[in-house]
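A single structure is presented below for examination.
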């Protein structure tokens, strides 16, 4: 059995990690740590995780996290580099935060401030070349939830030269993406019955991560216009993505079918069917569709994921499987919980 | 007092018309008609409209609708031309349906099928030139809900030459926009907790209407890529709209401020603040923001409306006021119901 | 014109007061005050209240509130007695908080702690005798939202001797009832998709207020079992109330019809129709139904209200109208905003 | 491997059965049948069930269902007796419908009409004596969703003589409980933002089933007052249940702890913690709490379940495990999907 620890177990990402890890046949759950909630039982924060209800949260320190085969970090950004260093090179460290996602140190400093801690293998195995880098790795930078959905929606078109490297994205998300932050605009009474845009005009920190992924796929810098929208549901991202068409788009569907033919977690829907986030709830699956608008001469792809599962914790477990040499799909649901 | 009738009083648009007309100081409510619900009391379908609860719905016929100063039609498309002809040229007929919105007969036939019934003055007074055509008119084509939000979000930029005539829109909507249709995907259990795209790739009938409005504003044909998204809330449209920037965008905010300086129902939010649909609930107000993404070199505008109020019934009453020579804002709320 | 002030204008009760007062024909809006939000514009907290968006919130002090005809207090409990004393006996003070609702000083101390500040005329005009006490009063204790719905659901049965003084209530509410408190269980992601009970077993502070109202109606002490449930919607209370039947219940409907025959804001639904909170959204109306379960031998009444309107701010304005000698319904909507 | 068939695979109960059975290690999924949807692929109705997306639905006939070890029936009531007879006594038939739940033929006729088809072993293993009857059985009557939550909430108190046989229940439910019926009041726009009561006053068909279960537990006829409430969420039942206290209630918690000490799917929450339905989403777990209201002298128990899982399909699979002699918990999740 693989012994794992989760730092940040009282939050949404930590809770989803534990939900998946409880069902993982090769895993034994070790230390669970938290910040302000240290000293309280997990059941107080995650009442859905019955088998762990009485576990008391420890402080997030390297001492507590030491001695595990795998340590998942679900922490605010800026904390993982130091912790990883203290855990030593033999521990698999899987960082659900942003610290090691960007390869460009200047981009890091511009978007997050401070000094770049360096990049780790990027945890989106479906991207070209990514899976190989993850096999046997001791360090994983789990992608952001938006970049997961958007990169998978667009990279086949860019890689196949079917769309210009100039993409426009509006992605709608449920509110768990913002974490358990106590902010007025995240209160239920504010969220329910409302839609709101935020970080418009290039303000969202996931923008450079999306650009990085798509630029690698396209083999040329890709310009990204990204608008996130908050909608009244707990989980789910629906990413509406488009780019100017190259050619007539006849090859679009084929390119996507080929790109994802062997991917266990990416489902290209039958033609004419469009994704719904409910179909992905709690699963590690991406539902995807692509089409061409002949009047507007744009290629349009829409992806749906569960932001906490494939968008965070499921992606992290998928990477753990690769890092440990386990079958990649071990312990990961492909069916959603609907309706 | 102006005597009005509403055809289609059991539906969502009809209900919202009656909610607003009940509060209108110059209006007396006459005949209320329906299709399959004729013969039943309105209270059975619209329990929120207490003062009209005992009114029995009549059949939608020209006879029933005759003898009113204003007749609102909230009917499936294809029915208004004939009814309007029978009501005579002296009656103000305000069509909340699509029949008379498009000026291009070929576009009508392509998108709706059948023969075009001709266009009527377009009921979006905030568009350049539109208000004048509505004053004293006997016929009004009320815009679609999406075209209302999107046209107001983008026309100032196009009219001022700040953006290229090539726009990309993803608009998220509540489910009342689909009407009271008994379709499986509109059931509460399907809608709640889910986001879904539909009509992607140029499939939505509002696309030519949006293109028509924006092309007039730009003085040149505008290419429109439009993706609608269904979200779990009853009312509200949040339209995320963008286009390639011309110049550096420094004049963008000024152009919008100028375009809407005297508009009672369009509110350009303070810089840095983005619209939420909840703030517009039940009101005739558009909340709007514009910015520039310097990296992506795009102008981005986001508009929020209540699809049933400013997007349908409120816009219709605004046009009635203009048609009758009443102050344009009579009986129309500018404050939303929030949270 | 009546000049009014609102203390606590940045919260939900304050916002709803202002929404209603903006539409009130006899009112001029004066000082708006807040606690931690003082110094910021109202539009930042209440973006739906467009006409007041630029008003800057003042500190909640007697100085700021002085010089108005009516002062509404939407504050945490414990603050109104002192403020009212400083405002002087000539000012109409309408307290949306709990300080002056209970007539029994011991009950106050048991449920709220500290010393009782004395009771004020109770602002539920539909209760027997209450309206008379409110006419011309300078002080009003606005009822709690649950007691409003529950008292109106049950008092006619108790007053008519149709039910035993031993009632069981489960009331389901939207989350705005908890105010804009930054508590984890009120976050959108926690609330949406969930139902939860709280304050079970006699723990909710509205229990003694319910008992007080019903005991007056019954002319004998009434035992109250009250369970509140939080549901995923912003506004609305649906109170399911029952008591053992006296007799066969044949007179139940008649008793309710009689009790509410002249009440402008209480709507006894047609037989066989049950209330929905959506029909009351944003209105000052109570939708009510009563029936008898012959097998269980219980009388069952269900009431729906908007907790922020009839349950708080609408009830407060109704009381202001009575206090000032205005027609009781002035400025108060009876139609809800639905769907 | 056990070969199973599901009749009614396009509905909500059928979909949830398949979600669970896909994860069940001992099961192989055979025929999937439907009524009006026969001939279409399952993926069109249940897009979340990826591994079965291309399976074409067959007609619901005995021929199609024959040759399986276990047949699950998720059909409208009235159809299971005949089908079961045709399938023969050797097939395990698990009926998610109501046909065989009631033991009293007169009660059946009164509540459902027509002739009673006889009762089958009742599929709530946690009830005293029920588990034994389910072991090795060839026929199972799966309980209704409300009776599941309510019976488990109240039977320990009645069995222990801690409460009088006279119970009052208000249970709030998500809308999937009504199935995929195309009824106006189940449309998303009607459901979201609203709470509504229905079947009040003894009108709900689950009432006699609740009374039957509780009467067995109490050893005396139990009077049941049951009010169901529809709330805006897809899944979940929160049942608020109470009865007059016998004695002082000091033994209440102990009685519940004892009743459920060995039950894998019933979780008595720590004192002072109340259930939320979100914690049970997609799981077979019941979250339960009990307390005493000393003022009202009532015992109050609140149970939360997922109506589609423990309330229908999870309960059905639990019974299948018992019928087949498998470990009772095989393939059934105890952790919910939250937030």
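Per-chain numbering from 1; labels A, B, C and D assigned in written order.
Rule of thumb we're sticking to: a residue touches a chain if its C-beta (ideal position, glycine included) is under 8 Å from a C-beta of that chain, and two chains touch if they have at least 3 such contacts.
All figures in this text were calculated on a predicted structure; none of them were measured in a lab.
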item	value
Chains touching both chain B and chain C	A, D
Touching chain C and also chain D, the following chains	A, B
Selected pair, greater C-beta contact count between A-B and A-D	A-B
Chain of greatest Cα-centre distance to chain B	D
Separation of mean Cα positions, chain C and chain A [Å, integer]	44
Intercentroid distance (Cα basis), chain B paired with chain A, Å	37
Overlap residues in chain D, where contacts from two or more other chains coincide	12, 174, 176, 187, 189-190, 192-193, 232-235, 276, 278-279, 281, 338-339
Chain contact graph, described as a line, ring, star, complete graph or other shape	complete
Residues of chain D that touch chain A when the two form their complex	12, 15, 19, 22-23, 43-44, 46-51, 53, 176, 192-193, 234-235, 267, 269-270, 273, 276, 278-283, 285, 287, 333-339
List of chain D residues in touch with chain C within their complex	166, 168, 170, 172, 174, 187, 189-190, 192-198, 200-202, 207, 223-225, 227, 229, 231-238, 240, 242, 274-279, 281, 289, 291-298, 300, 302, 304, 338-339
Contact set on chain D toward chain B in their complex	12, 174-176, 178, 180, 182-184, 186-193, 232-235
